[in-house]
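Shared between the two complexes below is chain A, which pairs with chain B and chain C, respectively.
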Partner chain A sequence: MSIKKSPWISFFNAGGCNGCTLECFACFNPRYDVTRFGMELKASAKHADILLVTGIVNNHNKKRLLNIYEQLPEPKRVVAIGACAITGGLYKGSYSQAGPVDKVIPVDVYVAGCPPRPESIIDGIRKCLNDKRSR
Partner chain B sequence: MHEKIFPIGPQHPSLKEPIFLKLHVDGSYITKAEFNLGYTHRGVEKCAEGYLLDTALHAVQRTCGICSQCHSMAFLNAVEPMTGVQVPEKVYLQRLITAELERIHSHLLWGGVMAHEIGLETLFMYYWREREHILDIFDELTGNRVHHSPDLIGTAKRSFNKENLQMVLEKLDLVEPEIKELRNVMENHDVITSRFKKHGNIPKKMAEDLDLVGPTARASGVNYDVRQNAPYMAYGIKELKVKPVIRSEGDSWGRTMIRCDEIFESMRLVRKACEMIDPNEEVPKKKNLIAKGDFSRGRTEAPRGENFHFVAIENNRIKRLKLRTPTLANVISYARIMEGEDITDVPVIVMSLDPCISCMERVAVIRNGKQENWTSHELFEGKKYD
Partner chain C sequence: MIEILFVLLLVPLALVFEGVRRRIVARMHNRVGPPLMQPFYDIAKLISKKEFQNRNEIFNLVPYLALICSLLIILIIPFSIIGFDYDFLVVGYIFILQDTFYIFGAIASRSPFGMFASVRELLLMLGYEITFLIVLALFFYGAGATSFQNYNAEFAFTQLPLVSILLLFTGFVILRITPYDVMAAEAEISAGFFSEYSGTSLAMLELAEFIKNFVIYILLGFLIVGKTYALLLSPLFMLFYMIMLTSSPRYSTVVTVKTFLFLAALAFVDIFFLV
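Then we have the complex of A and B:
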């Protein structure tokens, strides 16, 4: 099953600086305004289709991330945002790293950058729509 | 009466960053508050060990996505005197412009999130629209929206030219009337005044005892601002002396108005610095520098308060790095100020201290192999304030 339109977005900071978080929120401001794609920011993962994850996923947070992933209803997609989420970035090999994200939960789209610009985050989210893969 | 436990977080609608609050409630009144940290701990200090100084500069900037320039300046405050490098005034002024713009962006961001917390979505949109203009300036001046990293040890990556400064002034002229209007809304909106006034009280004595910093302390009448009390870099120049905004309310309302007013003080500093800067001067080329001495420390006033860096150096590499960010000093007061408040006021009180959880994750209380919550009983040792 794939997500066709109007995905609702939830968001989790699994141990990053605030940079990526802010750029994710910036997508919802009047300049970038992803609401025009029918997207909406949902606080609870239970209401969302796409989960944006930022940060290195530290030991303390790993269980919470798994929990949140399980709460996402099917069909679900995960977007890893920022260098930290993709490889660990600056904190690669840190004692508190349990990630990167794809070691903990399956990731569909990677958006690179430290932090990525809102344009590329929007592009990443759009890539989740109507994708052919099934899980 | 039945006491119930009401957990909030780590992932929760009213929190943009993970923190865990455990509230003991009686009806809807909070009798005791505990909190737990560590959800975004990444080990910045340990990772930076062994880095060359230039690399470490990038590492400390990534401590925080909101005040990255203030972290970089605190680090440079510590390291530059050790290398003995002569820094030209233009570089100092450029750093001041970036840091003050960062303060504006941080307070606008906070205003938006605060409006979001109390359900005023339109106000949130207005705040974040103005913030985009400030980010545009960063984009133009440094090439990055969030982690600007314009600094090198002893110099800067590029020098601001005439068009850059022109653009800064034009953008400020563009946003100033809008921000004035937003301040008006904050000041006169019935919902805001009724939910902010007299909630989350921090008396002056408590602020002093806990060593609170930044706007949180200044809202309780503590006259402390690193830019004024220990001027660093360009803040030492006579025309750029800071006049901190002080208020005496000590509640959520006071903290809100302080942040609204600080934006204008920052704008004055940026305008003045743009005037003083010589657009034709080039910044010096980067030199290879050797740091002498064992350790040093640096302080800056970040948007949320005092930022402290301790740097120990061995063979031009970091031996030990210690960061202390303002939020850690402020967040301690949560355990006390929530007591006796209604549970519906929690989001407002949490946001009124403007916490930046991601950059403060340094400490965990571990006892018998288990992580413990922070409680008001432990933190205050039974002290009373009224």
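Then we have the complex of A and C:
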């Protein structure tokens, strides 16, 4: 049995405006209810299969993001959510940034938008589960 | 030996029960909810995942010890395979032992979340474990029985209304249901005891919790409405606890401890009424 049937999810806001994180939380409300795919929100990264990263990575949070990425047990997936996590967005060129998420940790799926709608976040998570690679 | 294998069939039943529980909670939130077989998928996935190595032996042993505790209880409670005199006290002690293992594991993990959970659990133990043991003993005293095998009282809540209410209250803490679930508060202290476990260890802990919760619902039916209706009416108790879970706030640790010390005092007073 793979992580396809019960993907457990953890969030990390690496340094954005928190808008994308709120949209991620909206996936778990009765309107979008992702628990019907077996997904569960886990506070501890050691329980999670998929890490949702929002926001540009600032220097302060780089160490923490690496730490959390290492805490996810194999097999694991990372989804970068929002314009800041993909390119830097509004914060691009800032003095305190360590680059977008894929400069720090490997990313499987990018979900674009500022912020992206919950439907597209759910679609991104489903797509990263169909990925055949085992990293 | 065949009886023991028969009882082990209760383990998949406990997982289905957990699936039904999740569906009920989802319906109360106006959600669709996960599939009925979701606990099986979760356990299978967790076993297949890679686990983090930890050099602490206590930390590594705790999930298996907790699972053994749950399996021991399942041998005694619904069908009383290894029944003996005063086994209700042994059941009470096994529940305490399982919580003690969780505390050991959480402290050995050195996680601050685990530390918080174990300190809160130790505080709560002052109140609810005394109440739980007294309540168990009172039910057996009221029925004139010495073990689960010869417990024949039916509709005991008509004779022991106060004790039945006390039992429902201790159920809140043992099942970690909201008014008194400070030790497993998901929002504040991530997963409490389990926050540092991963892979197979976490699967064992989840399995132990599912079996323990299932047994508690049966135990409530067993004591309050009697042996014959225990399995039939256990979903009703689950429904009651799920209504409480979805509709009540979380009390602070201090309030919880005070409540349970008060309930322990009430249970003591109740002994004198019975004698």
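One rule holds in what follows: the second predicted complex is superposed on the first by the 132 of 135 C-alpha atoms of A that agree within 3 Å, B and C clash if a C-alpha of one lies under 4 Å from a C-alpha of the other, contacts with A are read in each partner's own complex, and residues count from 1 in each chain.
Going forward, a contact is a pair of C-beta atoms (placed from the backbone, for glycine too) under 8 Å apart; a residue touches a chain by one contact, two chains touch by 3 or more.
Keep in mind that what you see is a predicted model, and the values were worked out from it rather than measured.
Enquirer: I'd like to know which partner A:Thr35 touches here: chain B for first, chain C for second, both or neither.
Expert: After superposition on chain A, A:Thr35 lies in contact with chain C alone.
Enquirer: For A:Ser96 in the superposed arrangement: first (chain B), second (chain C), both or neither?
Expert: After superposition on chain A, A:Ser96 lies in contact with chain B alone.
Enquirer: Is A:Ala43 in contact with chain B, with chain C, with both, or with neither (first, second, both, neither)?
Expert: Both partners.
Enquirer: Touch test for A:Cys17: chain B only (first), chain C only (second), both, or neither?
Expert: In the superposition, A:Cys17 touches chain B alone.
Enquirer: Determine, under the contact definition given at the top, whether A:Ile81 touches first (chain B), second (chain C), both, or neither.
Expert: A:Ile81 sits against neither chain B nor chain C.
Enquirer: Going by the contact rule set out at the top, does A:Cys114 touch chain B (first), chain C (second), both, or neither?
Expert: first
Enquirer: Indicate the residue numbers of chain A shared between its chain B interface and its chain C interface, in ascending order.
Expert: 30, 43-44
Enquirer: Can you name the residues of chain A that touch chain C in the complex?
Expert: Within the complex, chain A contacts chain C at residues 1-3, 5-6, 30, 33, 35-38, 42-44, 46-47, 49, 71, 73-75.
Enquirer: Which part of chain B faces chain A closely enough to touch in the complex?
Expert: Listed in rising order, the residues of chain B that touch chain A are 10-14, 16-18, 38-44, 46-47, 58-59, 62-66, 68, 109, 125, 128-129, 131-132, 135, 145-147, 356, 358-359, 371.
Enquirer: Show me the residue ranges of chain C that touch chain A in the complex, using the header's touch definition.
Expert: Result: residues 22, 26, 29-35, 38, 41-42, 44-45, 48-52, 113, 186-187, 190-191, 194-199, 202 of chain C touch chain A.
Enquirer: Residues of chain A touching chain B in their complex?
Expert: 12-23, 25-26, 29-31, 43-45, 55-56, 58, 60-61, 64, 68, 84, 90-91, 93-97, 114-115, 117
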